[in-house]
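Residue numbering begins at 1 within each chain, and the chains themselves are lettered A, B, C, D and E in the order written.
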Amino acid sequence: MSASAPLAAFACVLRRDLLLALRRRSDVATTLFFFVIVVTLFPLGVGPEMSLLRTMAPGVLWVAALLASMLALGRLFAGDYADGTLEQLVLAPHPLGLLVGAKIAAHWLVTGLPLVLLAPLLGLAFDMRAEALGTLTLSLLLGTPTLGLIGAIGAALTLGLRGAGLLLSLLVLPLYIPVLIFGAGAVEAVAGGLGPGAHLSVLGALLVLALFFAPWAAALALRISLE
Amino acid sequence: MSASAPLAAFACVLRRDLLLALRRRSDVATTLFFFVIVVTLFPLGVGPEMSLLRTMAPGVLWVAALLASMLALGRLFAGDYADGTLEQLVLAPHPLGLLVGAKIAAHWLVTGLPLVLLAPLLGLAFDMRAEALGTLTLSLLLGTPTLGLIGAIGAALTLGLRGAGLLLSLLVLPLYIPVLIFGAGAVEAVAGGLGPGAHLSVLGALLVLALFFAPWAAALALRISLE
Amino acid sequence: MLVANGLECVRGGRRLFRAVGFELDPGTALEVQGANGSGKTSLLRMLCGLLAPAAGEILWNGADIRTLGEAYRGELVYLGHQNAIKDDLSALENLLVSETLAESAVTPAAARDSLARLGLAGCADLPTRVLSQGQKRRVALARLLFRERCRLWVLDEPFVALDQQAVREIAAIIAAQLGGGGIVVYTTHQEVAVAAPRRTELRLGR
Amino acid sequence: MLVANGLECVRGGRRLFRAVGFELDPGTALEVQGANGSGKTSLLRMLCGLLAPAAGEILWNGADIRTLGEAYRGELVYLGHQNAIKDDLSALENLLVSETLAESAVTPAAARDSLARLGLAGCADLPTRVLSQGQKRRVALARLLFRERCRLWVLDEPFVALDQQAVREIAAIIAAQLGGGGIVVYTTHQEVAVAAPRRTELRLGR
Amino acid sequence: MDRHIRVGARRRVRGAINLYYYAAPRTFYPLAGRMARVFYAVAVVLGAIGLYIAFFVAPTDAQQGEGYRIIFLHVPAAWMSMFLYVVMAFWAAVGLAFNTRLSSMMAQAIAPTGAWMAFLALWTGALWGKPMWGTWWVWDARLTSELILLFLYLGFMALQAAIDDPRRADRAGAVLAIVGVVNVPIIYFSVQWWNTLHQGASVSLTRSPSMAATMLWGMLVMALAFWMYCLGATLTRVRAIILERERRSDWAHELALGKERDA
């Protein structure tokens, strides 16, 4: 049990989940695809007026990102729960919060990050300006991990419950709304000619807070769910 | 093996699925909840201009209904597949298309119908006019079963595959687009002062076509997927 | 009478078995043996028409089972590795649904009796989600009690997860069916004595 | 040394057992017996700390397992009803992941060897999704080969779905662990001879 | 597409027509190779003639200027995309019904070419739409249904790729292909059933009879060239599929060894 053991365990879980995502590539792609569909179907409904689309853009993109993240949550622990590997993770001789952190990290890498990278491209289609695009990307980069971290608590709490889906959304949405407001707010501030600084620093603070507490809360919730 | 046997089997599967939905109530509610979220989040992104919202409304509502239906599809056969009851349905001494039809009917009753009933309420929030609301409801009433029927084929084809989620969307979306176009088109026609007759009759024709063929195609696909 | 001729099974590019054939008269028990992964489950699924053989044919009373369709499925009971019960329904509800679909004459009272016979009296109304492994298996097996009229039973490891007493009970049910002229094809890795008028064994794998 | 005092288990408002206690010295095999639904799985999960007992305590070398946490989990192997393998990973990958997490010294070659020892040489690189029931169980059991150093093995029906030869193999592995001073708590409905220096039996249920 | 059967029929075994001779992948493999080469050659020749007519013979259009010449790509591609889908669905259905391996392989081989044609029709149409209608895209019945056709091709390929077992992949793909066939008449008749932006029958394009004639000829020659190309591409791909699926068979090994010896 060397000092590097926890790190090795973190890396092991991270690698495992990334490998699994690679094997079930299209599961991951679903989130992304969903994000793209939601975003692109909207101009269809609204019509092609560019100035209008530009005003909508931050809101639409952030809402779509939020929905996509929320839908992806269901998969965070469900698979491991169903096949019994979650029990084994809980029984592994490592702090559970760490392993849960690894799972959340992997989850973000495969569902959050691609979304962050894709958002500017979609933003272009909405005719957003360059600095707004930059802020959009940055706000998503800070915001989506927070969504994942908060969501993990909800996912752990609702694991194996009847109707986990709705419960999860109900638990998680109220906590998501601040992230949405500051995230979309940052982009709108830039579009309106103001600096995004204030909004972004709140997002950053939320992220740090979530990083410190969410994995442990989720770990505790998991233990309870497994009983 | 009386003449009423197929009917009894149909009723039995329908009852079973409705009972299951009742037990997992919130699973069903998720679809509805998702529909409501998508629809209500949009005004947030677009701002409160009523005339604008009114123009968007048919598109937004129909897109949301389509997305909600598509997401619900994943659950149509997956549960029965995982616990082996699907095999037993396939082996039951009844035409499989009939049993599949019962499953689709139950699925629509719990995911499609509530959505149809909720849509006018949401339409009110978008300041839609009475006749447009009526057409909206009617178009959804004709359109959502078609979505379910077509979707069932896709769900059956992708059962148990790696990354069924994305594949399902990919297979099903192209076939959904006509329904979307004619559905939203009907409402827009009314809003634009034209009659919805032509659009609605196409929707009706699509429904009849799907009713006749989809259950059998889905049944065939199920047999293939179970091999 | 169930006849198989020259069955061949290929899974994932590997041939599991070939040239498997047998003739089962009424009252015959066929025990399919073989190591793990030798293709027992695959063979049983072929007999049910769930899996198409790579070669060969399966005849029921002289007719190919693929052409028979529903008529054959009405004569068949299949019990797989999976219990085919819904987690959210109670044992009773599960049994009622499966028997209604199979067109058995079943009343709630009769279903309750047969569950009680398999030692599930106390948990007939619990959602099967909370039952123990063995209790779930018993729920799945309860349907056998309503299927005397089905002339072919195909049972994939029926005794798994059952305790000794339940194993004896199920073995007795199978023996009774055989005595009544039914055909039973089954697999098991346990040594279970099943009394049968006629018995055949088939060993898969090298 | 594993000691349990006055354990009580309540599931869904029903008391499954009460006042269950035992002391297991190194080299002792505890076979937990009982009918289906008598609470064997529940007891085993308590021993692992997955389920909190309604009353009573569980001590490992004199300390309550709840206070020990990771130190206890490092000494423990638990094998549940479920195989705890990922369908989409190959047998080899599954084994490597679980052993890396358990901090076993494991190389791909060693993992491959142990899979081969359990008769999985041919399917070490297939996704476990396509394996047969017994092969999946073997993959789950392969981790035992790397856990000699763990002093407590808790095995919930390890022999289920295995063929005769695999049963003997696993019984031998358990016997070896017992011979080396390990403690093994297990349940099974099959009659399997497990050689043990010391043996205790615990019967749950009326 | 059913050419190989007709060619096969010519081979007679003691007077009886051995229709099935070439239905076996093994015998079809070398035949397909020979045929593909012929089709490619014809495609090149016809393509050269067609392009010559398109760019040098056909006169400039009175209203559309030079831009209309894209029609020589657009229409053949659109025709082929629909035609290939029907052929693909046909072979897939035959494979589903009679469990004949070669027909399923044919369906699988056709799909990428069909997708490519659908893409080409969409792309050239969009390019043309910008000067003609002032927009790349409208959600009009013909355009939408052609887009759906592309998605159906992509879905067919994705579904087959997602299934490991080739037999199951064939059968599942067949169901999808057959379901999608309804789309083809919709594409074709969309301009009649709904009033759309898109052109109707080619007659409506006629500005003067003489011009229509050269244009028609150009289009027909190009369509033939496309056809030959599609045949060639499909046969080439079906060879690859045969080899991949039969890689465990003796003849495939012999073939591979033979190639090695030659090299």
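The working rule: a residue touches a chain if its C-beta (ideal position, glycine included) is under 8 Å from a C-beta of that chain, and two chains touch if they have at least 3 such contacts.
Source: prediction; values computed, not measured.
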Between subunit B and subunit D, the fewest touch steps amount to 2
Over half shared or under half: which fits the residue numbers at the contact of copies subunit C and subunit D, same or different?
same
Suppose chain centres are the mean of their C-alpha atoms. Which chain sits farthest from subunit B?
D
Quick check: which two chains are joined by the most contacting C-beta pairs?
A-B
Which chain is most remote from subunit E in terms of Cα centres?
D
On a C-alpha centroid basis, what's the spacing between subunit A and subunit C, in Å?
46
Where subunit A and subunit D are represented by their mean Cα positions, the distance between them in whole Å:
36
Could you give the separation in Å between the centres of subunit C and subunit D, each centre being the mean of its C-alpha atoms?
30
Of all residues in subunit C, which are in touch with two or more distinct other chains?
12, 52, 81, 88
Check each residue of subunit A and list the ones that touch at least two other chains.
23-24, 26, 44, 162
Subunit E: which residues touch two or more other chains?
139, 162, 165, 167
Which bits of subunit C are touching subunit D when the two form their complex?
11-12, 34-37, 40-41, 81, 119, 123, 126, 130-135, 137-138, 157, 160-167, 189-190
Can you check the complex and tell me which residues of subunit D touch subunit A?
48-52, 70-71, 73-74, 76, 78, 80-89, 93, 97-98, 100-103, 127
What does subunit C use to touch subunit E in their complex?
12-13, 52
Touching residues (chain side subunit B, partner subunit A) in the complex:
23-27, 29-30, 33-34, 37-38, 41-42, 44-47, 52, 55-56, 58-60, 62-63, 67, 71, 162-167, 169-170, 173, 184
Taking the complex as given, what residues does subunit B use to touch subunit C?
1, 5, 8-9, 12-13, 16, 19-20, 23-24, 79, 83-85, 87-95, 99, 226-227
